[in-house]
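In the two assemblies presented below, chain A is common to both, partnered first by chain B and then by chain C.
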Partner chain A sequence: MFISYQFIVFLVSVLILYYLVPKKLQWIFLLIANFVFYMYADIRYPIFLVITTAVVYTAARIIETYENVKINKSIKKKKKFIMMTALFIVLGILICVKYTNFIIRNFNICLIRTGHESIPFVDFVIPMGISFYTFQAIAYLLDVYWGRCKAQKNFLKFLLFMSFFPQLIQGPINRYNDMSESLYERHDFRWDRIRFGLERILWGYFKKLVIADRAGIAVSALAESRESYTGIYVIAGMIFYAVQLYADFTGGIDITIGIAESMGISMKENFIRPFFSKNIAEYWRRWHISMGTWFKDYVFYPCGISRPVKKITIFCKRHFGMVVARRAAVYISSIIVWIATGIWHGAEWRFVVWGLLNGIIILISEELTPLYHMFHKKFSGLSDTVFYRGFQIIRTCFLMSCLRLFDVYGSVKNTFKQFFSIFTGFTYKKFGLQGLEGLGLLPADYIILFCGVIIMFLVSTINRNGNIREKLLNKPYVVKYIIFTGMLFAIVLFGTYGRGYDAAQFIYNRF
Partner chain B sequence: MYTAGKIIKAGLSITIFILLIAAAQRLVQPKYADELIEGNFTAEYYNETTDHDVIIIGDCEVYENIDPIYLWEHYGITGYIRGNAQQLAWQSYYMLEDTLRYEIPKVVIYNVQALMYDEPQKEEYNRMTLDGMKWSKTKYEAIKASMCNNESMLEYIFPVFRYHSRIMHISKEDLKYYFKRKKVTNNGYYMRIDVLPVSESDVADMSWLVGDTDAEKDEIIDPWADIETEEEENEISLPEGNAEEKLGNLSMEYLDKIRNLCEENGIKLILIKAPSLAPVWYDSYDKQIVMYSRKYNLRYINFYELLEETGIDYETDTYDGGLHMNRNGADKISEYLGDVLSREYEVKDHRNDMTYDKVYEQKRQFYYEMIDEQKKEIEQYGRVKNY
Partner chain C sequence: MEKTSIKQSILHILQELHEDIDFENEKRLIDDKILDSFDLITLVAELGDEFEVEITAKDFVEANFNSLDCLTEMIYRLMNE
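On to the complex of A and B.
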């Protein structure tokens, strides 16, 4: 969606008009723009969005009417009932459109095995961004329910928060409290704001078009011909996919944040140099942060203090002691969170397995913490060395890359098969014979990819010690101009977009 | 407040950026100079310095089968072919409209083959036809009418978006012809002098046209003999087979537009069908054109019916096994057309006209140099290589 010409034309028009309309109408204009965008994608999409918004808006408003009422059991019950009803409806819509066929598919397996006829699949339209806006809606609903935020009185303003067009494509999952103020306030045209936003958008396009989509060509080739690309090629696939996913996802978020920034709307960062993480738990605190914190705030904590989990904890305390009881709540909540995280990524078993494995690795890592401490005590000073920190980063990258193979190979079976071929079919000779030529990339593509990764690495490194854009601000105009123009040039010339050029197609076949 | 300095700085920055993008765009755009030349035809027209009495529009059946230099040498007729690879009916209409922005010819010849297509066919051919056209409302309309489903107007306005991936394939040709296009045609005529007889090629089956050869008599039975020509009966008999094949409705609408445009500008329109062996020109197509030409009192010349009269021999007059004529064949068709144009349409002989003399002398020189170069290539490589 981000990479269509129509989107760019739409974006430029929205930006220009946003600052041309009277300031008090800016938010209304933005709301209209959101719906134009959404309806252009599919005329049916807004129906789902409006229903979810209306349900949550109404529930939140009703819940808030109890704010000044003396809280008693009955009020508490009513509040809970309203919250649960709204939650049930919005989650119901999400499950219905996104997961019905997944449920039917699994149900059919049972039916066929027991000699019954299978149920036909349903053809539901899956609205773009439904997972993102549903999670935003739930977060808002629960925040109002818990008294963490005030309910929005104006339905259209709340609809604007839910439908803000850049976030409907790749997220992030924004919180109402973080975004609402800047979303509704009036914004003057400020060149520095526009420039900052455009820089970020360009950087996002650079990552998406020059790096991610180029790496994606190799990933597709490796996945499509997985029978011939085993062993060392699986490792190559891990690297290519790590580059593709990072550049694509962070690129998309850069574009989203950049668009918001150019309109004066603030959004929280969704990635903080995740590939510099020293363990998987840290990785998940740096990768897709809005999703991680959402699950932590709205699934993990509520789950941990829920009545069933409390009962289990008490049971464990009685029968197995405090050590097990303390872990029970964490374990149960973690596994639920990770299964949910997996299924949120897609309605397939491979995502469930992927989520579970993430959770298991994190829990094992937690359990091994005393061992690590012992190790570091014995080899004091080692953990402070660059070598050891490097080892931790590479280890985390490798583990995450292994897990990402579920995404590359499309099924649990294929993923395990390919993964084990690293150990059973690893040979450099094969790599020497086949090389990287068959992966659909030219030697020049590899050079561009390599340079792109180096640039991403450098930018990431510079960002560690302060925002690179702030630093650029103090550089001479010529330097800024060269960087800006160079980036645009790189996108236009080296970007992987359009139909490509196949000279053979231009040869008139004379018929 | 914006100071003058800031405005100058911004203006300069934008100008430099536009220049750089334009330079990059020129670099990545195909040059259509050596091995692949068909995308160069449209733009070449704008280098013309004199008017033309005859404008020929259509697809490859005009730019490979009619020789304007022959028309000049033998009849003193100034003609130009505005044809391109699979130039569709609407493209021919806009090509004519574009031409009329520069000159009003006396006669327009339109080859009817492309009327069989009723929708855009291939993006690449669209690009080869339209990229070279100068920007105007006509070009915009031509693009709009021609775009396939997944094409974008933006890619026509900024071709760098379409061809950017050629940056990975930049060749010597791109650098050599960066500043100046290579002239590849003779007034729009793509000349080939080599020969590939039908009998030595399998690209075209000529039985649909000339029937089965009688091996014993070694003669060709012409099934078109039963179709009456204009000079014969008014009634035409429907030939057997393929009666259901119809020319495209949209294409016929554009033929109407071409006809109207000619009428509005006092131009005489001639319809022709070149004698190419593929694609098959169904009898039903021909009947439609015959009826159309009668209805609007247009001259229609079907060269399939004139094989004997023109002397076209598919063993010597084609360079690609019957799809298109080589110079021999093109000259035979041009001879026939030249005679019709000068005799029936009274197109002037300009050979003694000083205005054209020098220009056409240069054109002739280029023409014969091209013939010599092709001869050399045939001697050296056994085939024509760079044309």
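On to the complex of A and C.
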């Protein structure tokens, strides 16, 4: 969606008009713009969004009316019933449109094996961004239910929060308390804010068109002809896909946050240098942060402190001792979270396996913590060395790249087959210039990719010590001019507009 | 139960989680990620069992877990509800 002339025209028009309309009407104008965008994508999409919004809005308003009433068992029950009903409806819509065919597919396997006729698939409309906005709605509903947030009394203002057009494409999953104030307040035209926003949007397009879509050509070649590209090519695929996914997803988020920034609307960061993570747990605190914190706050913790899990913990304490009891709640909650995370990513078993493996590796890492402490006690000072930190970063990158293979090869069976070919079919002989050219990229493409990755790395490193755009602000005008004009020219000249341009979508757009 | 006793019991539970942390003086257990998500789940189970209170999602906020004193206040309130 971001990569089309229509979107650029729409975006420019919205930004200009946003500051031309009377300030008190800015939020209404934005609401209209959101729906123009969404209806242009598909005229049916808004129906689902409005239903989810209306259900959650109504439930939140009713729940809040009980805040001023003396709480007794009956009131608690009523609040819980309303919350559960709303949750059931909005989750039900998501499960229905996104997972019905997955359920049918698996059910059909059983039916065919028992000699019965299979059930036909259902042709559901899957609204763009349904996974993101449903989770956003659930977060709001639970925050109101738990008294962490005041319910929005104005339905249209709440609808604005739910329908903000940049976040519909690939998130982030915003929290109402974080975004509402800046979303509804009146914004003066400020050139510094618009410039910051535009710089970020430009950076997002650079990553998407120059780096991500270019790397994606190689990934597609490796996946489509996977039987020819085994062994060392699987490692090449890991690297290409890591580059593609990072540039694609962070590029899209840069565009989203840049658009919001241009309008004075605040959004939290969704990525903080994830490839500098020293372990997988840290990686998930830096990658797709809004999703990770959502699962932590609305699944992991509620599950972990729920009555059924506490009963299991007490049972384990009495029968198996503290060692097991301490782990029970954590293990149960973690497995549930990671299965749910996998399912959220896609209605296929490979995502479930991917999610489970993430969870298992994190739990194993937790169990090995005492061993790590013993090791570091014996070799004190080692953990502070650049060498050891480098090892941790490379180890994490390698582990995550292995897990991402599920996304490249499309099925559990193919992924494991390709992965093990690294060890059984590893040979340098097949790998060479001819092999690399067969991936659909020219030597110039490799140079551009390499330079693009270096630039991304440098920007990340500079950002560690303060916002790079603020640093650029203090640089001479000619420096700023060269950088941004250079980026614009790079997008125009080196942007991947050829193969797959019309179909090019952000990877996370399918959610 | 007196607040002082509650505090001592909570301190004992926290020290079982991390014996090397000075919980009496740390005021940013959550903000500084001294207690991670796994610690918090374990802590809630232990506190619930020790004091026979139910810590629900409503109480599961940073403000109640950021220091030993905050935890003490929360448990004292729940025990007297």
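Convention: the second predicted complex is superposed on the first by the 494 of 511 C-alpha atoms of A that agree within 3 Å, B and C clash if a C-alpha of one lies under 4 Å from a C-alpha of the other, contacts with A are read in each partner's own complex, and residues count from 1 in each chain.
Note that in this section a residue touches a chain if its C-beta (ideal position, glycine included) is under 8 Å from a C-beta of that chain, and two chains touch if they have at least 3 such contacts.
Since the structure is predicted, the reported quantities are computational estimates derived from the model, not experimental observations.
Looking at the shared chain after the overlay, A:L442 reaches chain B, while chain C stays out of its contact range.
Of the two partner chains, chain B is the only one touched by A:V492; chain C is not. Using the contact criterion defined above for the overlaid structures, shared-chain residue A:F387 touches neither chain B nor chain C, since it reaches no partner. In the superposition on chain A, A:K296 makes contact with chain C only, while chain B stays out of contact range. When both complexes are overlaid on chain A, the residue A:F423 reaches neither chain B nor chain C. By the touch criterion stated above, A:Y477 is placed in contact with chain B alone, chain C being left untouched. Shared contact residues of chain A with chain B and chain C: none. The part of chain A that touches chain B in the complex is made up of residues 5, 9, 442, 444-445, 477, 481, 485, 488-489, 492-501, 503, 505-508, 510-511.
Those residues of chain C lying in contact with chain A across their complex are 36-38, 40-42, 44-45, 48-49, 54-58, 60-61. Considering their complex, residues 9, 13, 16-17, 20-21, 24, 28, 30, 36, 38-39, 60, 85-86, 122-125, 127-128, 150, 152, 154-155, 160-169, 203, 278-279, 320, 323-324 of chain B touch chain A. Touching chain C in their complex are the following residues of chain A: 142, 146-148, 281, 296, 300-302, 304-305, 307, 310, 313-314, 317, 325-326, 329-330, 333, 366.
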